[in-house]
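Here subunit A shows up in two complexes: once beside subunit B, once beside subunit C.
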Partner chain A sequence: MILEVEKINLVYRIPLQRRTNFRDVFTSLVQDPMDTLFPNADYLHVAKDLSFTISEGERIGLLGVNGVGKTSLCRCIAGLFLPKSGKIKRYGPVRGVFNTALGIQPELTGRENAELLAHFIYPGTKDIDKIIDEAIEFSELGQFAEAPVKLYSNGMQTRLCLSVISARPTGLLILDEVFDGADMFFREKVSHRVLRLMKSSGGVLFVSHGMEQIKRVCTRVLVLHRGQIIFDGEPQEGIHFFENFDRGVKGTEGLFQFDGHQRI
Partner chain B sequence: MLREQKDFFNLMATSEFKSLSLDDFKLLSLALEHRGQLEMRVVSGSMEPLIMTGELITIKKATAPLKRFDIIVFWNGDRLICHYIQHINRMVSDDAQKVVITGGLKFSNVDLPCRSENILGIVSSHALSPLTRLKIVTTDLWRR
Partner chain C sequence: MQTSKIFLTQVRVLTIANLKSRYRKTVAGFLWVVLNPLLMYGVQSQIFKKFLKLGVPNYYLFLASGLLPWIFIVQTLEMGTPTILHNGHLLKSYPTSPLVYLTSQIADNFINFIAAFLIVLVPVAYMEKVTIPGLLLLPIPLFFLILGVLGMVWFLATLQVFFRDTNFILRFALSILYFMTPIFYPVSYIPENLRWIAGINPIYILIAPFRICIYSFEIHQFTSALVPAVVVGILSPIFAYLYWQRKKNDIYFNL
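Moving on to the complex of A and B:
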């Protein structure tokens, strides 16, 4: 077991900007003076008593509609947020990738950026030159490695970042929609590499909206809905479940049915 | 028979009932609707200066819409809790349900958001004094 999540609750405080002009302030003063003079923020309950475990060698795909709490959960696991209640037990290092453009200096070349990233991710490692050479070779950037990153396309930047990140094994790798820039061939290549890393150690928590990708990479799928896990099982079934369940999206009632046939 | 029932509902609110299931909560809710009011004993001191440990409170079904500073009894998933309302969500709702933020008097932190279907009723025997309300409002300002 590398991760144990026990009944975590995540709550956001959202100070909504409700009144912008004098007229609104006046009407709200008349309606509810207490709330106008001493405003209070709304609270959003993102994760409700979530609990699951990740054992060694598992690749988990997180599915869910926008705003359901996928990224919040990942950040919680990575240690960026503190949950309001509940426990997260990490057995080993956790490496989370939330943004492939983080720490990238546009004026520097690809190789220099890779060096920065490598020093950032693997502090104190002796064979950092080896990591960088290997990563640049893996990313297939070729002669572009010596060009400034500001000239790169989005996909090239993603390639560079992913190559450095997946160079050495880790306990748990969190990939939060990082493949959006990369093309399908490189995705496959990275997933092969992640697979190879998996054999040495750890698991992967993978957030993506690409169903094909999840089908190919993951061994288990979690579907989040309204802060709760409503499905936990095989990827094939999970994707089928996710594509066919009623997400409460307005205007699609009756479009998605549970019998497996989409009626349009 | 009636006395036994009353004892049963009193028991549910004390520490001898470690956790309250959803069915129990629904049963209590039905009982409250049927009788009009319930008496319960408070077992913890989270509302301490106002409601002491071991004090009896009277619960009634909410007829008017809930307001800030109302003292309510709600079910938080495994037990009943008696706290006051700190805030009622205006914009953010959970599948068209009103979401209520509650807190205790003893500690300044707030509870997890509570959906209005989990609210049992309003405490009619106790109310927050204007001074306490002012104190709460000022501490809220300071917290921000």
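Moving on to the complex of A and C:
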């Protein structure tokens, strides 16, 4: 077992009207004092008593319509958020990758950014220098590795970032739409490397809208809807279920619905 | 142990990156940072001593021992308050502690402070009398000063996520607070019935034992000034931590 998610509830508040400065507060206080003092808020219930496990060697594709909370759930598993209730047991290191077009310091060179990134992604690793050298070589940035990242296109930043994050395996690897932004040629090259990384990592939680990738990479699929897992099974069957479900949902109800509307 | 080592490595790498990034394109580079406290000190020492003729013995030393930590605190608070908000994309992407970014900001300013401290204080201390026991004990108030500032900047940086006016209010409040804090004048200049204002000013509480070490070291005076500084230095990060824990999820959703 690599991960055990036990009856977690993850809720976040969506302010219906964000007031973040004095002027807005003052204006709304004059217009509607009750609503300003006791504002309405909606809650998105990303996970409702959600439970599942990931075993050694499993590569799970997480599917769900936009805004259903896949990224929030992944961030919760990666330890960025705390669930409102329930337990997340991690039996080993967890690495989440949520953004691949990230120039941390635009003034610094690609190599310097790679170093910074490597220290964030592989904290405590002894061969950081080796990771950086390998990543620079793999990214094929050539002399651009010594140029400031502010001169990079989004695709170049993605190349650099993907090269660093795909350098070493881990216990549980969470990949959230990682291939977006890379150009076609690099995507093919990096997907081989990421596939190798996935196979050598203990387990994988993979979020993607690319059904082909899910089919090729995953051994199991989960479909998330309204905070619950409505499908758990074989990738082929899961994709078929999701595609039909997605059409059904779009046809009968709005995609984006909050769960609770209450005065707080 | 391993966690602290990782934390310190990340802070070191980020601080070096910030310093490189900031000074790479400038001609004077690092000089700009020490220039501000040096100019402030130069102008204020002349005006308060020669124009206003403040009757404070060893005034150059007196001013340096209060003004330099004040500038360090103010710069750290002003630069650190937007830190969590500015690094939101990183915090949402990698499981790093926000304390890495905040501590790195403090380290960045602390390097500037040490540079200004050495440039100003060494010649002034050479000209005017500084006691050796005071200098030897200096790391103690300095430690609690840094701890106190860490708590303050952590709390303000969290608040800034929800309330974007925080940094503007802070700048305004600090400019007023400068005149209300006994930095360029001694606390004895404040009428006795109003001295409680300095007594509840956390910035002054943190600076007071530091100043005593450099300017007028006397052990009883030092210990009685150190006790409140220790209290502020410990309570400030605890309070910030509790507030952070309470707001942790909301912070990520508001970044």
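We adopt the following convention: the second predicted complex is superposed on the first by the 198 of 264 C-alpha atoms of A that agree within 3 Å, B and C clash if a C-alpha of one lies under 4 Å from a C-alpha of the other, contacts with A are read in each partner's own complex, and residues count from 1 in each chain.
In this section, a contact is a pair of C-beta atoms (placed from the backbone, for glycine too) under 8 Å apart; a residue touches a chain by one contact, two chains touch by 3 or more.
Note that the coordinates shown come from a computational prediction; the quantities given were computed from them, not determined experimentally.
Contact with subunit B, but none with subunit C, is seen for A:43 once the two complexes are overlaid on the shared chain.
When the two complexes are overlaid on their common chain A, residue A:245 makes contact with neither subunit B nor subunit C.
In the superposition on chain A, contact of A:85 is made with subunit B only, not with subunit C. Residue contacts after overlaying the shared chain place A:34 against subunit B, while subunit C stays out of touching range.
Contacts of A:226 after superposition: subunit B is touched, whereas subunit C is not reached.
Within the superposed three-chain arrangement, the count of touched residues of subunit A is higher for C, of the candidates subunit B and subunit C.
Look at A:52: by the touch rule set out above, it reaches neither subunit B nor subunit C. Contacts of A:22 after superposition: subunit C is touched, whereas subunit B is not reached.
By the touch rule above, subunit A contacts subunit C in their complex via residues 12-13, 20-22, 75, 78-82, 96-99, 102, 104-108, 112, 115-116, 119-121, 123-124. Within the complex, the subunit A residues that touch subunit B are 9, 11, 14-16, 18, 34-35, 38, 40-45, 49, 84-85, 226, 248. Residue ranges of subunit B in contact with subunit A, taken from their complex: 68, 77, 86-87, 89-92, 94-95, 99, 101, 110, 112-113, 137, 140-141, 144. For subunit C in complex with subunit A, the touching residues are 2, 5-6, 9-10, 13-14, 17-18, 20-22, 24-25, 89-96, 162-165, 248-250, 252-253.
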